[in-house]
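I'd like to ask some things about the structure below.
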Amino acid sequence: MTVSATPAIELAGLTRTYGERLALDGVSLALPAGATLALLGPNGAGKSTLLRVLATLLRPHAGRVRVLGRDLPRDGWAVRGRIGLLAHDPLLYRDLTARENLRFHAQLHRVAPGRVDALLDAVGMAPRADEPVRTLSRGMVQRVAVCRAVLHDPELLLLDEPGSHLDPAAAALVEPLIGRASGRTRVVVRHDPAGALAEADLVLGLRGGRVVLTAAGGRLDPAALAALYE
Amino acid sequence: MSTVGALLAKDLRAELRAKQSLPAMALFAIATFVVFHFGLDRARLDGDLAAGVLWVTLLLAALLGINRLFVAELEEGGFDGFLLAPVDRTAMLVAKATALFLYLAGLELVAVPAFALLLDPGLGRALPELLWLLLLADVGIAVVGTLVAALTVQGRARELLVPLLALPLLLPLLIAAARGTAPLLEAGGGSLPLRWPAVLGLYDMVFGLLSYAVFDFLLED
Amino acid sequence: MYGKGLRGLSIATVLTLVGAFALVFFYAPTDADQGVIQKIFYVHVPMAIVALCGFVFAAAMAIQHLRTGERRYDLRAYVAIHLSLILGIGTLISGSIWAKASWGHWWVWDEPTLVSFLIVVLLYACYQPLRFAIEDPEKQARYASVFAITAGAFVPLNFLAVRLAQAYTHPRVLGTTGGSMPGSMRLTFLVSVVGMALLFATLWKYELASKHTAQQLRALRARLTGDAAAPTVRSGQPALPAESTV
């Protein structure tokens, strides 16, 4: 993966409405390639919406969105295959096995089937790969979901609370794939400010769709942080 | 494997595993024939009565399949998973319509012999031309059914809206199919007037093109 | 913006309708067989024609909405369908009255236009429930547009199929628009159609202006009392985005 000079993400005044309400209100940020952005904020602040806009699943209603050097929504088709999303929904069919699910996604993304087996091994799911997803525990499902997110070797990872449902052992298994060490550009939604600071190059606090807090380089004003969540 | 092929294989595999749609449709059709027997108090049907019973039953059974067509995508994140892939989005329309077509063919493999058995309409001579009508009608039901399913799956009251939307939309198809079948099932046997397959063909073409044009708008956000 | 020209349009509508009324009762010939009740033809058929045009117009608005993404087209389609549905029901009622007076039955399956309208009304009656079933306003507008286009394509197919189905059984029972209409009938009929079309246009503009004003009022109120005060009420009506100028 080459690190290019153009920022991985550039947002200028991104706005998205939901009826008469503003889900995102003039969000602006720039994230260099290979860096990690942590998104903090109370429920309903717009974090998931922002993630979905970056994933090309939602279109902006106003403002500029540039992901991996391409404007959205116009060039969404060009970046779609280079973004990986890990959201609350694991996006796996419950009646199919883990292997069948991943093979299906591999077909959609034109990825060689061998990579499926390699990833299942990497997260320790090879023994249970041929049982329906319905029978797996939530932690196991999360591990398979991680495989799905990185199957096509995306340059940009969008992670919505990636550590949820994972015990420390499992978390260690997925870390090389979606953690800082993977070298990919990452946007991570987290609910623990300490953890966010530890691994992030840039931290943004969202509230009511607006950016109310910005921090870089591991320093965060405790008072501002408290105000974000009150 | 092409995108449509991958989607279709996934759907068929899930259907074989969970057996959600096809057995229900087939059982419903058989049960409905029994209901008609008792409701009409007849052991034998012919002509337009037989045609009507057959096609109404097939349509109502199709509704069951239409209801379930996109449910897995909705409940298990299939829409997002698909939208994240760098593929042509109309592939989902083609794949789902093909799947529904196959379910309908499977339904008819069971329902038509059941119909012949239970209500004795003298199907033998009529079979080749009836197969043509079934084929053309299945395409139309598959296309319109997929469109209605996509329109209703994300809202509330899906099970109510599907029949309310689908039945009026399918009425021209029902008219053409039933009127075409009726002379085939006459006591003396008759031939298929060409206008009815023509109407079915026109219906299939119009709704096929229309669905292809608008489907993208149903998927994007 | 929609209020412009509304007064002129309303006056023209009233004049034309009064003129049509006068022509119907004082100028057009009375049918020998059916008597005065035949004059319901001048209500029934114009309603039918304008309703059908309204549905096609709504489909055109819906296409524009999908093409440009501007929500005002969705609102225009919504109002057009709403009004056409009312006219469609009026067509059914007036047709039913005519059938009862001419043939003694409140409903006849032999009249293809009436039967086609029944199916069309059944379909468009689902437009509002479909809208109401989808919460996200933008998605609701898009899905409604897809429906309006599908239903618009359906209408001609439906008429064709029903007409073909009837051709075997009975000839047209209620002679509606025949090619051989005496001049006085033709004039009266034309004026009635124009009057009905003007009525549709006036009501359409009126309803749009009213909705637009209501929405501007809501937006003002929201701005004055703060965003939190604006309740998100679940609705099947199209809501225009906050900063739209319609």
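Here the chain labels run A, B and C in written order, and each chain numbers its own residues starting at 1.
Simple rule for what comes next: contacts are C-beta pairs under 8 Å (C-beta built on N, C-alpha and C of every residue); 3 or more make two chains touch, one makes a residue touch a chain.
If you're wondering where the values come from, they're calculated on a predicted model, not measured in any experiment.
Chains that touch both subunit A and subunit C are the following: B. Across the assembly, the mean Cα position most removed from that of subunit B is the one of A.
Here B is the chain whose Cα centre lies closest to the centre of all protein Cα atoms. Computed from the mean C-alpha positions, the centre of subunit A lies at a distance of 48 Å from the centre of subunit C.
One simple way to say how far apart two chains are is to compare their mean CA positions; for subunit A and subunit B this gives 40 Å. Rounded to a whole number, the gap between the C-alpha centres of subunit B and subunit C is 31 angstrom. For subunit C, residues touching at least two other chains, in rising order: 138. Each of the following residues of subunit B touches two or more other chains: 220-221.
Residues of subunit A in contact with two or more other chains: none.
By the touch criterion given at the top, residues 147, 151-152, 154-158, 160-161, 164-165, 167-169, 171-172, 175-176, 179, 195, 199, 202-203, 206-207, 210, 214, 217-218, 220-221 of subunit B touch subunit C in their complex.
Contact residues on subunit C toward subunit A in their complex (touch as defined above): 136-138, 218-219, 222, 227, 230, 232, 239, 241-242.
The touching residues of subunit B, when paired with subunit A in their complex, are 1, 3, 6, 9-10, 13-14, 17-18, 72, 76-78, 80-87, 220-221.
Residues 66, 119-120, 122-123, 126, 129-130, 133-135, 138-139, 142-143, 145-147, 149-151, 153-154, 157-158, 160-162, 164-165, 168 of subunit C touch subunit B in their complex. Within the complex formed with subunit B, the residues of subunit A that make contact are 52, 55-59, 77, 80-81, 83, 85, 87, 89-96, 100, 104-105, 107-109, 132, 148.
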